[in-house]
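Heads up, there are several structures right after this.
In what follows, subunit A forms one complex with subunit B and a second complex with subunit C.
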Partner chain A sequence: MSQFGRVKQWNTFARCWHLFDATWQNPLQCSPLIEKYLKGLHKPIYHPFVDCGDHVVIMNSKQIAFPGEEWRRRVYFHHTGYSGGASWTPAWELHEKDPTMIFRKAVYHYMKGNLFRRVVMERLHIYPDSNVPEEIMENITNQIQPLRPIPKTLDSYSNEEIEKYPKIIDYPQDYLLSK
Partner chain B sequence: MLSLRTTNCVLKVLKTARNEQSFHRWLAPTLRELKRRKDSQGPEKPVHRKSFLEWNYDSEIYAFSKRLGEDFNNDLLLKAFTERSYIIDEEEKQKSVGIEQPTLNLIDNKELVAKGSEFIDDIVKRYLRTVLPRLPEEGIIELHKYLTSVETLSHVSYHIGTPELILCADFPVEKLTMANVLKSIIAALIESSGENRAAIFVRDFILTQIADKDLLQFWDLQHPIKLLSDILARDNIQSPEPRLVGCSGKNTILACFRVGLYTPHNKQIIGLGVGETVDIAHEMAAIDGLRQLFGTPENILFPYNLELEQLCASTDKNLSVNEWSQKNLPVQPTNFELHQVKMTSSC
Partner chain C sequence: MSSSRFTPKGFPSVPLQNGIGRYICQLKRVTLRFCKSSGSSRGVRDFIETELISFAQDHPGTVVYLKPRRHKSPSFVAEYLNGEREVISCHNFSSHEMIKWLNLYATRSGIPLKRYLKMWHTECPSIQGVWSPFTNMDPALNITQFPSKKLSNPVWEEKSATEELLEKVKQQKISSDDENDDDNTHSNRAAQV
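Moving on to the complex of A and B:
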């Protein structure tokens, strides 16, 4: 192989690093998207036996969102292997113990179980908040667009913005809004 | 006393006991034993096709020329296939039988090899200089060296089916012999159908060997960065400025850097290279820049329809690397124009 051919192959199989902000995202709906990048399904050279997957760094995994009653109803099963060792942990409890666990399990369970699954999972880096180590941040070259827009909460409006907001009516002086 | 029913049962059992199996019990052990004996003899030695009963050398020689679509003089072709070692071997055989003065109506191909070798050298160099007018002479020489090496010629020779037809002492046929026979076949073609036809043969069989190759891999460029800046300096362009265009996985073992070379005066990119370190990527970018200058891009298409009269003269030579610059380049038609000329003339 010529010197040029060698670097061309190196460039083709170079691993990219993608950043994904999990704030207000449903991990169950995000896992197909994350899996695509982890396995390299978005690349034209993809083949199941070709090791061409990318790295994905997920930040703010503590801020994930579940719809409806999911935090209480979704239960994670674990068995120690001994008799009576079964345990069922609700999602909210698991999330309190380890804020990265729900996202990791969502991606892991979405992927088809084969010998490559654990290898692919090694390329997923999850951080509970936005404090991603500097050496990891330096690798990143792409950001994955979140599935849902992040809504602006009432708390995040400053007093100044609230003052400026157009009002339909003026409350009377003695009208009590809150205690 | 046995009842009729019991007799029937016994007979049935006896019957099944007589023609027991539907297969031969001796077959598998025999095959196994035969396999064991065959393995113990070691791998089978290659056998020349001529040792087979229905081998007809004359018709094979005739078929060879027809297969290539050429009209060879049969005597010349026979001469081209005859190696000196074969004649010596045959004479010794005759002597061992008792013939004092062995007579063989065979002439070896020594003259043809010399003639063919000279012709191939000439055509290959002329073709390369015609289609690659911007490539420096050093590159042309390296490409020529690759195309006329024993390795390449024997590869071509092997795949047009010479090894079984060659009359030589060595078996399996050595690479050098196969390369020599190809040269002598071309010389035989010159004498049979003329130089034009032989030039087309060289073009179709030997020059096509570089069709899908990276041309600069044959020419080991020492210090490409310095070479590029030297060449640009002759055109009064300042040495190019390297910039990191992109990188992925910077802190990992699989890091990949992409470096672009920009000219300082008009900020144009002249070369793009990738590599596992910035230095390698910089060097590859310089090689890419040279590739653009020398007119040998990665996806180059050679005009494989040129004939002898369209090639440049043997005395013409490309510029040397040491004096290469855009200004000094002779005005010559490029590949594409040559291709167009041929296309329009054939229509």
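Moving on to the complex of A and C:
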């Protein structure tokens, strides 16, 4: 292979780093999206035996959202291997112990179990908050857009926005909204 | 089977774009070795008597040597422009077989036989260039500071009822302002008239 051809080869198989903000995202719905980038399924050169996956950096994994009763009902099973070593941890408890664990497990369980799964998982970097190390942040060239919009909380409205908001009635001066 | 691992492999190739525009016969020399008396050389002798002149006339770029050797098995040596050399035994060949084998070796390029990895080859695999992660990438990403606020929103977002209501209020305000303006202009015109 010529010298230029070798460089073209490196360019084609260059690993990219993608950022994903997990704020208000359901990890169970995001895992197919993350898996696509981890395995390189989005590339035209994809082949199952070709190592062409990208790195994905997930930040704010502490801010993930589950629908309905999922935090209480979803249970993670673990067995130590000894008798009586089974344990069931509810999602909220696991999330308190390690805020990155639920996202990691969601992606891991979504992927098909083969010899490449653990290798692919090594390319997933999860951070509980937005404090991503500088040496990882400087590699990032793309951001994966989330699936769900981030809802605007009531306390995030500024006074100006509240004043401008269209009103149907004016409450009387002696009307008590809250104690 | 397993010998395919050790046999030479490669892609179809041709010396100096032979056959595109002009064709040069790659066979430069043929040396026919035969016996003048033994029976195994009979077909070769027949060939020399009847066909050899027309073969030499048909291939002006090829030198033909005749090498009579007493009590030796007949054979011919084909030598090519790229230096390759091949010896072919023509023991008990008929005159017709000789024509066929010589024709085969005259039309070969001299490149040794190999196992073809693909039945086609091109020097220019892609005109638009090989794909890389950076082809078709939005150049705006080069100057984007990550995490970007714009990219933190979903690709498609459904409008909430609140947003639709706010938009309607805005539209109503604009239309009512327009009506007021229209009324003013009318009154002005009336005053002018």
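One rule holds for everything that comes next: the second predicted complex is superposed on the first by the 179 of 179 C-alpha atoms of A that agree within 3 Å, B and C clash if a C-alpha of one lies under 4 Å from a C-alpha of the other, contacts with A are read in each partner's own complex, and residues count from 1 in each chain.
Throughout what follows, a contact is a pair of C-beta atoms (placed from the backbone, for glycine too) under 8 Å apart; a residue touches a chain by one contact, two chains touch by 3 or more.
This structure is a prediction, so every number in the text was calculated from the model and none was measured.
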| item | value |
| --- | --- |
| Subunit A as common anchor, with subunit B and subunit C clashing or fitting | clash |
| Which superposed partner A:50 touches (first subunit B, second subunit C, both, neither) | neither |
| Touching partner for A:135 - first (subunit B), second (subunit C), both, neither | first |
| Per-residue touch tally on subunit A - higher for subunit B or for subunit C | C |
| First, second, both or neither for A:4, with subunit B first and subunit C second | first |
| Partner chain in contact with A:75 - subunit B first, subunit C second, else both or neither | neither |
| First (subunit B), second (subunit C), both or neither touched by A:16 | both |
| Which of subunit B and subunit C A:162 touches, first, second, both or neither | neither |
| First, second, both or neither for A:41, with subunit B first and subunit C second | neither |
| Offending stretch of subunit B which, after superposing on A, collides with subunit C (from 20-28, 38-46, 74-82 or 92-100) | 74-82 |
| Subunit A positions touched by subunit B in one structure and by subunit C in the second | 8, 11, 14, 16, 141 |
| Subunit A residues touching subunit C - in the complex, by the definition given at the top | 8, 11-12, 14, 16, 19, 21, 23, 43-45, 54, 59, 130, 137, 140-143, 145-150, 166 |
| Residues of subunit A that touch subunit B when the two form their complex | 2-5, 7-8, 10-11, 13-17, 55, 135-136, 138-139, 141 |
| Interfacial residue positions of subunit C with respect to subunit A in the complex | 130-134, 137, 141, 144, 146-148, 151-155, 157-158, 165-166, 169 |
| Subunit B residues touching subunit A - in the complex, by the definition given at the top | 213-214, 216-217, 246-252, 254-256, 258, 273-276, 280-281, 284, 287, 298 |
